[in-house]
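Per-chain numbering from 1; labels A, B, C, D and E assigned in written order.
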Amino acid sequence: AENPIKLGVLEDQSGDFAAATIGKVHAIQLAAEEINKSGGIMGRPLELVTYDTQSDNTRYQEFMRRVLQRDKVDVVFAGFSSASREAYRPIVDQFNGFAFYNNQYEGGVCDGHMVVTGAVPEQQFSTLIPYMMQTYGKKVYTLAADYNFGQISAEWVRKIVKENGGEMAGEEFIPLGVSQFSQSIQNIQKAKPDFVVTLLVGTAQASYYEQAASANVNLPMASSVNVGQGYEHKRFKPPSLKDMYVTTNYIEEIDTPKSKEFYAKFKAKFPSEPYVNQEAENSYLAVYLYKQMVERAKSTNRDEIRKVIAMGDVCMDAPEGKVCIDPKSQHMSHTIYLAKVGADHSISFPKIWEDIKPYWLGEAGCDLTKKDPMAQYTPSNPPPKP
Amino acid sequence: MDIATLVFSALYQFGDAFAFLVLSACGLAVIFGMMGVINLAHGEFIMCGAYVTAATVHAGLPLPLGILCGTLASACVGVLVELLVIRHLYERPLDTIVATWGLSLIATQGTLIMVGSTMAGVGTPFGSFQVGAYSYSIYRIVLFVAALAVLGALYALFNWTRFGVLARATIQVPHMAAALGVDTRLIYSLTFACGAGLAGLAGGLYAPTMTLVPTMGATFIMEAFVTVVIGGADVFLGTAPAGGILAIVKSGMTSWQGQLFGQIGLLIAVIIVVRVLPKGISGFVLRERT
Amino acid sequence: MTGFLGLFRRLEGPQTLGRGPAFWALFALVLAGALAYPLFSDGYTVGNTVYFFVWVFIALSLSLIWGYGGSLSFGQTAFFGIAGYGYGILTINFGASYGFTWIALLLAIGMAALVAALLGYFMFFGRIGGVFLGIVTLAVTLMLERFMAQTAGPEWRIGAARLNGFNGMSAMPPLTIPWFGGPIVLFADVGLYYVVLAMLVLVYLALRILMNSSFGNVIVAIRENPERAEMLGYDIRKYQLITFVIGAALAGLSGVLYTVWGQYITPSSMGMTAASLPLIWVAVGGRSDLTATIIGTLVVLSGFQALTIYGSQYALVFMGVLLVLTVLIAPNGLVLGLITWVTKRVARRKQETA
Amino acid sequence: MALLQLRDLNKHFGGLHVTNSVNLVLEQGEIHCLIGPNGAGKSTLFRLILGEHHPGSGQIWFADEDITALKSFARIRRGLSVKFQVPGVFKSLSVRQNLEIALQSRLHGAALDKEIEGLLAFLNLEAEQAQLAGNLSHGQKQWLEIGMAISLKPRLLLLDEPTAGMSPEETHLTGEMVRRLNAAGMTVLAIEHDMAFVRQVAQRVTVLHLGQVFAQGSIDEIVADERVAAIYLGQAHA
Amino acid sequence: MRKEVILTTLGLRAGYGGKPVLQGLEIEVRESEIVAVIGRNGVGKSTLMKSLIGLVPAMSGSIVYRGEAVEQLPAHKRARLGMGYVPQGRDVFPRLTVGENMAVGAAIKGGGIPEEGRRRVVDAFPILQERWSQRAGTMSGGQQQQLAIGRVLIADPHLILLDEPSEGIQPNIVQDIARNMVELNRKTGVTIILVEQNLDMIRAMAQRAYVMDKGRITASLAREALDDAAEMRRHLAV
């Protein structure tokens, strides 16, 4: 047989993040199996080299070196938390590797060695926040995890609320790992917002929902991470997530033929999977995107592949709908679903936005077709103007 | 906003922080404070209690019975762990750091493999009540009362009962207790089981209010250790006042400047307390007494 | 001259395992092996070995403070982090030319030592000891972690260096040796390997001398019975403080090397897990001996990494089981236990043949 | 000339007055024995002299210097040394190392080794020199602790029950040692319940009772004192 | 009429870390006897006591107590068979009060502290009554020794193992202890094995003695020999 194309997989299969990330590994396995059944990539089989990073940044560093230097993989799919991505990115850059980050995150990575398939704030908030303000009112309270993702997301929320003529009733940041929310609940009641934006990360912080419900806070909620990542509506007893609105590019309840087909295949292979979340779908479609890139470049060489990306037409019909890679940022456009959690924790989709582009990096001045700064930017720390 | 509302809300927040600190710490106070065993698997005993509670409630038991099951399950695991591992380490308590760290890895990952990465919650009972502009969870009051009850029960157990005196004697000079006819192995087992059971109780009590995942124990660990250590060598004269002081600092700082300050304030309070009372709170109380 | 020879005499003594020509021959052999092995190995293995070496320094710091000194510091990672961030901030601001990375390395370690001196003064002169010392040091490291985790915003910058919160600070230059015809940049490869190996050998020998000197005697005496040590006229607080500062400097060295190795430093390196890991390494090897600490740390690190690679989801369970068994079977630590066992066997053999 | 002076020393724990206005003068070069009932405050007095406890009021003068506020180690460096009632040896260090630690601030190299050999022989611990001190029998620990205390060559040696647990023969030897050290210029203050020892060495005796100086004089005067017999010595010695 | 044998050891070997200290030791003690064991420091007297109560395991040989082989029993079972042990160095529970220490001693009887036993003990050692709620660790050395004895007496043991009870105790109380123990022996017939170095106490209490050296019994002395100073010195000489 032809020598295989090697795909390194570094995801957390144990530790803190396991609940949200085991599904990513499974999704990659599913896609690889399908591809290999139908003849591989350019006739070459796809071989997975998988390590459990144990929700530990230092493991990412160890294993990123290992897959690049020892296993000599062609591409790596790696990372859940942004910290883990930042831990391995210097190593990818140093060894001139090629990595996919298939995770929703705070945005801003402008690095030619990276392709990002996860959703970014402009995709999730430019849709979610105006909808919520129209539906419930203009007073907004943000409860966010106190680190890069939460702070930058909150910055986006603040900006969009302002642009839409609303006001921030309050903003509160919660250190990672905190599980007790009595004071925050009271703060929210004091501020009397029309709805609460919850940008809570990690399983401990998800305890907020149960505690808020039992204190009868009873406010609509909006989020870019919860439900789509940690399927809180499945884990907590109804009605604690009642009136939660989430913009996500995929969750298993999406009721399109493509989605149902994907879900069915997934469940057939992994019957005990607790939930097929958006990161699983990102990871699944990323394998196919990579296949397409290699086949069009006729090579696994990163420079050749980037020439393909630069053409701006690397697109596919994913389970969520059509997605395309943006050549400037190497991020991906998404179909964004507004998922609403009902009192019985059933999901409905009041609104769907198609082809929402990851526009911010490009507009801010990141253009990987021209220059590769290998850096992460934020709205308050944008790329230097040329 | 009227004064009564403000006062109540401050008390509620204090009670809430106090309950969390004390319930987290009690099991550890017995195992570390009394036995000198540094139990890094404390969080996993809590997780065990929470999981068993949730599982039994899903199976149809009412919550209080579920919590009881969680407590007993943890205590039983405690007996087993004591028998197989801890028993051999009393002579060298520092080695328990390694052993219990190992146990914690086994428990966390073992649970992930066997039960899965998450478990469905059971929902918080009792609903809410209103004071002034705010509504509060009734269950949080239950937690506070439970914390007080546990403290009282422990005090009585270790100071007023024969078991308590024998346990303290055994832990101080084991060979001498044996020479006086005390079955020290039994005492060790029971004491450890008591600590493990208390951890399980904390898990059971918090199970309805929290995410149930294999790593959930980690959220309790820092608070537990801090409370126990600044409480000092005597568990019962230490844990309650330590919980009180830390809860005031934590709830005060949190309401004033948010959770980050609450946490950092807690840590600073620890440093200050240790500096002012280098033998911990109970060391201070006991010196005053004699 | 005699003073210098005296130092060599202190390379062995009751405080450290290994003495006599046989031991030093073995030492030379191991060293020769370590020097030669990159020639027969690939870049990954060499870089990975450097990574293991990086952690040995913080393990040694704990062996010094805890194993020899009897003070259980739960917060060596605080100094690790301070020095790591210190190196990052300095080099991001001042670059890598003119050998500045080396000055940054020293300054960063100096920062860690300075903080340790302040904290140590506060603790030891306030007569804080035992578990209380552990909890104070833990509190300090957790405080640093929590604080650093929330410094994501652009306002948290020191000069050109963004602290960058929980995501961590990156893009600092590696150690760089100025050289004719262009500086030598020490990426995590053969170059860095030899530099770190040299540091390791130097630190190891220096610590052996220190521990077998009268200073080491006093440190051990304080561990055994501080009251008695004071009653022999030693100002124990001063000795404890000095040990603590040396330990912090070693932990700081680890931090700088870690930062250099991966060009990355993160608040999680000061978190609860990071703080307890060195305790595990040191305890597994045998905390009261330098050699045992080094071997133990390397064994645990490589063993756990191998388990993670080949153990699938059971890796962590295996690790747990191994740790528990180690403690039960080898009370003084794996390495110390093994060495004692072997020497006993050898002694018995000798007796039998005699 | 007075070497040590305790002036109006008071110490109480909670409500318990353990020493009550103790005044005591120790002359340079004497062997002074401190006796008194269990709990009289003798060991506490030692701890006050050494700075382990701090007096509620009063002063401690050593060699014409007020040392009341000094830390323990500083007092030791001025020429004090002690053997405690409960032997405080370094348990997991060898007997030899115990002595080395005591001697090393004074001696180095070959002189140190020679001194250790001498001490080991003197303490009858040659065979045990490589043993861990924690594994010694009770009496052997006492010997070792005495050895460590005299290693410092103090001006004033404080001995708290040096012969407890020793046979009469060993007690006698200890007494001889104390006298020899004294002859070489060391002042000694010893707490003892063994009257044979006290009789053997003491030039002056102070009886402490309920934290106060109860009687003072030569051993014969003390033994003849009926009040002392009543509270302390009992019939046999009266 | 010879009383029944209460305790015999045959070929008893016991020690620490695989090294025997007792080398085939043999003794025989009869009901209601007071037998002293004497010998120099470090010959293994305390090791003998510990192996009798079960704190040091027997490597070989047997210990028969009241007709039952007990060498395999753990310490607490031996205590429940009526052996009481007063260790050298006291080993009181430092953070328990005097009363709680007594309660631990009384625990084998089940229930709390028997009033009759308490009266008996505090009559013998009044200080214990006075300090009933003080933490034992803060008591003076001699006070702790009295507590250690009282703690054993409260459970009415059949056989008491006394390891150097006079150590650190003021002379008149040494006499009291001796008198009390003899009286107790007369009244209740309790058997006592006494390790001592204090000749006065041996003479005041013991009916006969074993001399121990290097882990063996080297001589057995009758009552008359105990009064022979020269003979005793010979046995205890260094």
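One rule holds in what follows: contacts are C-beta pairs under 8 Å (C-beta built on N, C-alpha and C of every residue); 3 or more make two chains touch, one makes a residue touch a chain.
Please read all numbers here as calculations on a predicted model, not as lab measurements.
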Those chains which touch chain D and also touch chain B: C, E
Reference chain E; chain at largest CA-centroid distance: A
Inter-chain centre distance, chain C versus chain D - centres from mean C-alpha coordinates, in Å: 43
Chain B and chain C: spacing of chain centres that average the CA atoms, whole Å: 33
Centre distance in Å when chain A and chain B are each reduced to the mean of their C-alpha atoms: 36
Separation of chain A from chain E, taking each centre as the mean of its C-alpha atoms, in whole Å: 75
Where chain B touches two or more other chains at once, by residue number: 108-109, 112, 218, 260, 263, 290
Numbers and ranges of chain C residues touching at least 2 other chains: 146, 150, 313, 315-316
Chain E: positions in contact with at least two other chains: 138
Residues of chain B touching chain A in the complex: 9, 12-13, 16-17, 20, 108-109, 112, 116-124, 126-128, 133-140, 208-216, 218-219, 251, 254-255, 258-260, 262-263
In the complex with chain C, residue positions of chain D that touch it: 50, 52, 71-74, 76-77, 81-82, 84, 88-94, 96-97, 100-102, 104-105, 109, 148, 152
Chain E residues touching chain D - in the complex, by the definition given at the top: 16, 38, 40-42, 46, 88-89, 127, 138-143, 145-146, 164, 167-176, 197-200, 233, 236-238
Chain E-facing residues of chain B, complex: 162, 165-166, 168-169, 172-173, 175-184, 233-234, 286, 290
Residue numbers on chain A that touch chain C, as the complex places them: 13-14, 51-52, 54, 56-59, 61-62, 65-66, 69-70, 82-83, 85-87, 89-91, 94, 146-148, 151-152, 173, 175-176, 374-376, 378, 380-381
